[in-house]
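Consider the two complexes below, in which chain A is the common component and chain B and chain C are the respective partners.
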Partner chain A sequence: MYDAGKVILGIVVFLALVTFPLWYNLAGEASVTAPELEKAEGSQCVEDAEWMRGHHMDLLDDWRDEVVRDGERYFVGPDGQRMEKSLSNTCLSCHVNKDKFCDRCHNYMSVDPYCWDCHVIPKEVM
Partner chain B sequence: MNLFFSLVVIAVLIALPWVLVGAAGLDYLFGVIVPYVALAVFVVGLLMRVLQWARLPVPFRTPTTCGQQKSLPWIKPSRLENPHSTLGVIGRMLLEVLFFRSLFRNTRSQLRDGSRLTYLADKWLWAGGLAFHWTFLIVVARHFRFFLEPVPWCVSVMEGLDSFFQIGLPIIYLTDVIIIAALTYLFFRRIVNPRLRYISLAGDYFPLLLLLGIAVSGVWMRYFDKTDIVGIKELSMGLVTLGPVVPEGIGVTFFIHLFLVSALLIYFPFSKLVHAGGVFFSPTRNLANNNRVKRHINPWDYPVKVHTYEEYEDEFRDVMKAAEMPLEKE
Partner chain C sequence: MGIDRRKFFKVSGLTALGLAGGSVSKVFSSEDSLGTVAPVRPEGPLTAQRWAMVIDLRKCHEHADCNDCVTACHTTHNVPKWENPKDEVKWIWKESFEHAFHDQEHPYQQESLKHLPALVLCNHCDNPPCVRVCPTGATWKREKDGIVMMDWHRCIGCRYCVVACPYGSRSFNWRDPRPKIQKIQPDYPTRSRGVVEKCTFCDERLARGMLPACVEACKYGAMHFGDLEDPNSNVRELLSERYTIRRKPGLGTNPEVYYIV
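This part shows the complex of A and B:
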């Protein structure tokens, strides 16, 4: 083999990059399984859990636009109950703990939603 | 025909997981076995190609010279375009690998006023290629949020910059838009230009379509047909920590995405895509142009038995003297 030193150095760098996730996760000793979410206090969400898992951000985005731009502050839930379109007052009244609900998945997936740029977390006010 | 063949292969690659996961429920095959096999083929195949290249001797310096060679002290040498030192070669390789310096020289010939041949700078291929390669790198790096727990800060920073303009929700990644635009351009470039279409092979269309399929299926999952992203991270974390699990409820789009990526990994070492490793082995780029400074001896030169003139004269001195031939030594 010609230029063995350089070629082997390149191969070592390549293998280190490819196997990097293995070493990193072994060294970190962090749990590799999905996070547990805290049970909600209410019995009925505005949509079913399956839909909410994928689309909660769409719902919140729509709510924000409807409330802020059109002034439509209320909606009728699936059980006929009139509710306020509000992250802090409606969502977080059942999912009381942001740390144990929102943040668990967001941290696991490295998602940094900008909700809290404007909204205050209710617990912090109290 | 080449285009048609590539399209059929892509359609089959998309249909396989669609049918076999969606209808036959072969989650474990497509979620665990195929990705492991693909990664093994990618790593072993690439190493074999690299070792094969490394076994070939390059006895002479054959760099393409694109500037003034190192010469007399008062003539300014072009250190990057015609490097004479290792440092210059490293600079040249960095320019080549990171910014595609040689493609930047691309020209287009054109007849003007009927008969006058002119050459024009043509930067479109360079721009499209650069846009694709860099966004692809960023997209791959962003995917490390699925492979690392906890997610390192550099990945989060990259995501933050990539979603800088906060358009839509989930926020649209700028690289998603650029990579699809670049790949679409590179693909249609081959179809629209008749001369390019004439020289394009299945091996040119297929990788572009495959990458486009990967990008579109990824975008489709993120923005349109939502999949259980937490379940996907469980699967990917299981794969990289060698304890594979396939959680329930992952949409079939994800398996199509994963299968196309696996196909790319398997295809990589045996196709033109291997230029990722090959660029480091190109003798026209990675050698210093120092032929006039240093003697490079061919390693496979046969050891020729030489008979010098001195020895010849010693052998035939008497005969030559008798014939009155001029001698160097009396």
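This part shows the complex of A and C:
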């Protein structure tokens, strides 16, 4: 191989640069910890926390379609009581602090849902 | 190549079967994705086979400075108030008789009628042109009670419906409406920029067993709301006893807001 020294050196430098973010993170300086979310005020969510963590967006999408398209506005909650399928009125009545619950995790996950463009955060307008 | 035609068909057939099976199981599993959440009928919603409204314009004329219905509607539904008429958003408003009923107007009409303030809103047509043109299904006629609904989630702001509606009942949000809403009602959403909005006959209030906000707010009994399919309903009674007109009936939209003049 011609210029073997230079080529190998080049490959080493290239790999070092490409994998730099990995090394840097491994060094611990930029380690990220999952955000701490505020505890809800109610005793029980409509589903268990583990399921909600992964599927709350699906639940909200289903609610949206059922309420707007089919006019089915109510559901039976976990303790058998009738509840409204409403982000502003039902979810936020327990998760009172949107900043410390919704936003913290959404920021951490770098997702930007546009629910709040229209749906009102009751605390903010009171 | 270590694969012959026979084996190729076998593998591709199995793959196709697997893919189809996967999507089928997905369809069935979406049913239980909600777990215990099952829709139930709310206690005592107001229901009808065909909602319709009768407005007594003579009562409106007697109290020409009354604006209660408009205020009630626009407050309940977080309708913004813009100074510039180009940005205006409105669900229910007053129009002069010759504008609201221009096909029934002539130069020698009685003075009282000429300047009659006519309350206008979405007519919830039986044959709604806005629904026909909507490319996303964001507006549709509800089968169960004839209300022409709006799904702001699906509206892409193309404004075909605004053009199609012969009554001017639809408004477009050219700007973010939030800063122009005097007091936001927390139990009703606002809209965002780029979305068309209009009256929905208060479907959210009907679901809770309440009359539309405008009807409830009218203290002179000028607005009547009821089931057109029920021969004993208040609206049918009025329609059979009084002379009533509709806006632009010749267009074939079959509007369901009737006016006593």
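The rule is short, and it goes like this: the second predicted complex is superposed on the first by the 96 of 126 C-alpha atoms of A that agree within 3 Å, B and C clash if a C-alpha of one lies under 4 Å from a C-alpha of the other, contacts with A are read in each partner's own complex, and residues count from 1 in each chain.
Following the convention adopted for this analysis, a contact is a pair of C-beta atoms (placed from the backbone, for glycine too) under 8 Å apart; a residue touches a chain by one contact, two chains touch by 3 or more.
Only a predicted model underlies this, so the values are computations on that prediction, with no experimental measurement involved.
*Asks:* Can A:88 be said to touch chain B (first), chain C (second), both, or neither?
*Replies:* A:88: touches chain C, not chain B.
*Asks:* Using the superposition on chain A described above, determine whether A:57 touches chain B (first), chain C (second), both, or neither.
*Replies:* first
*Asks:* With both complexes superposed on chain A, which partner does A:1 reach: first (chain B), second (chain C), both or neither?
*Replies:* first
*Asks:* I'd like to know which partner A:71 touches here: chain B for first, chain C for second, both or neither.
*Replies:* Once the two structures are laid over each other on A, A:71 reaches chain C alone.
*Asks:* According to the stated criteria, A:47 is in contact with first (chain B), second (chain C), both, or neither; which is it?
*Replies:* second
*Asks:* Given the touch rule stated above, what does A:120 touch, chain B (first), chain C (second), both, or neither?
*Replies:* In the superposition, A:120 touches chain C alone.
*Asks:* Return first, second, both or neither, reflecting whether A:17 touches chain B, chain C, both chains, or no partner chain.
*Replies:* neither
*Asks:* Intersection of chain A residues contacting chain B with those contacting chain C?
*Replies:* 55, 58, 114
*Asks:* What does chain C use to touch chain A in their complex?
*Replies:* Against chain A, the touching part of chain C is residues 33-43, 78, 142, 144, 149, 151-153, 183-192, 203-204, 207.
*Asks:* Looking at the complex, which residues from chain A come into contact with chain B?
*Replies:* 1-4, 7, 10-11, 14-15, 18, 21-22, 24-26, 28, 30-35, 50, 53-55, 57-58, 60-61, 105, 107-110, 112, 114
*Asks:* Considering only the defined contacts, which chain A positions touch chain C in the complex?
*Replies:* 46-47, 51, 55, 58-59, 62, 64, 66, 68-76, 78, 82, 86, 88-89, 114, 117-120, 122, 125-126
*Asks:* Under the definition above, what is the set of chain B residues touching chain A in their complex?
*Replies:* Touch residues, chain B against chain A: 39, 43, 46-47, 50-51, 54-58, 144-145, 147-152, 155-156, 159-160, 166, 168-170, 226-231, 233-234, 237-238, 240-243, 247, 249, 277, 280.
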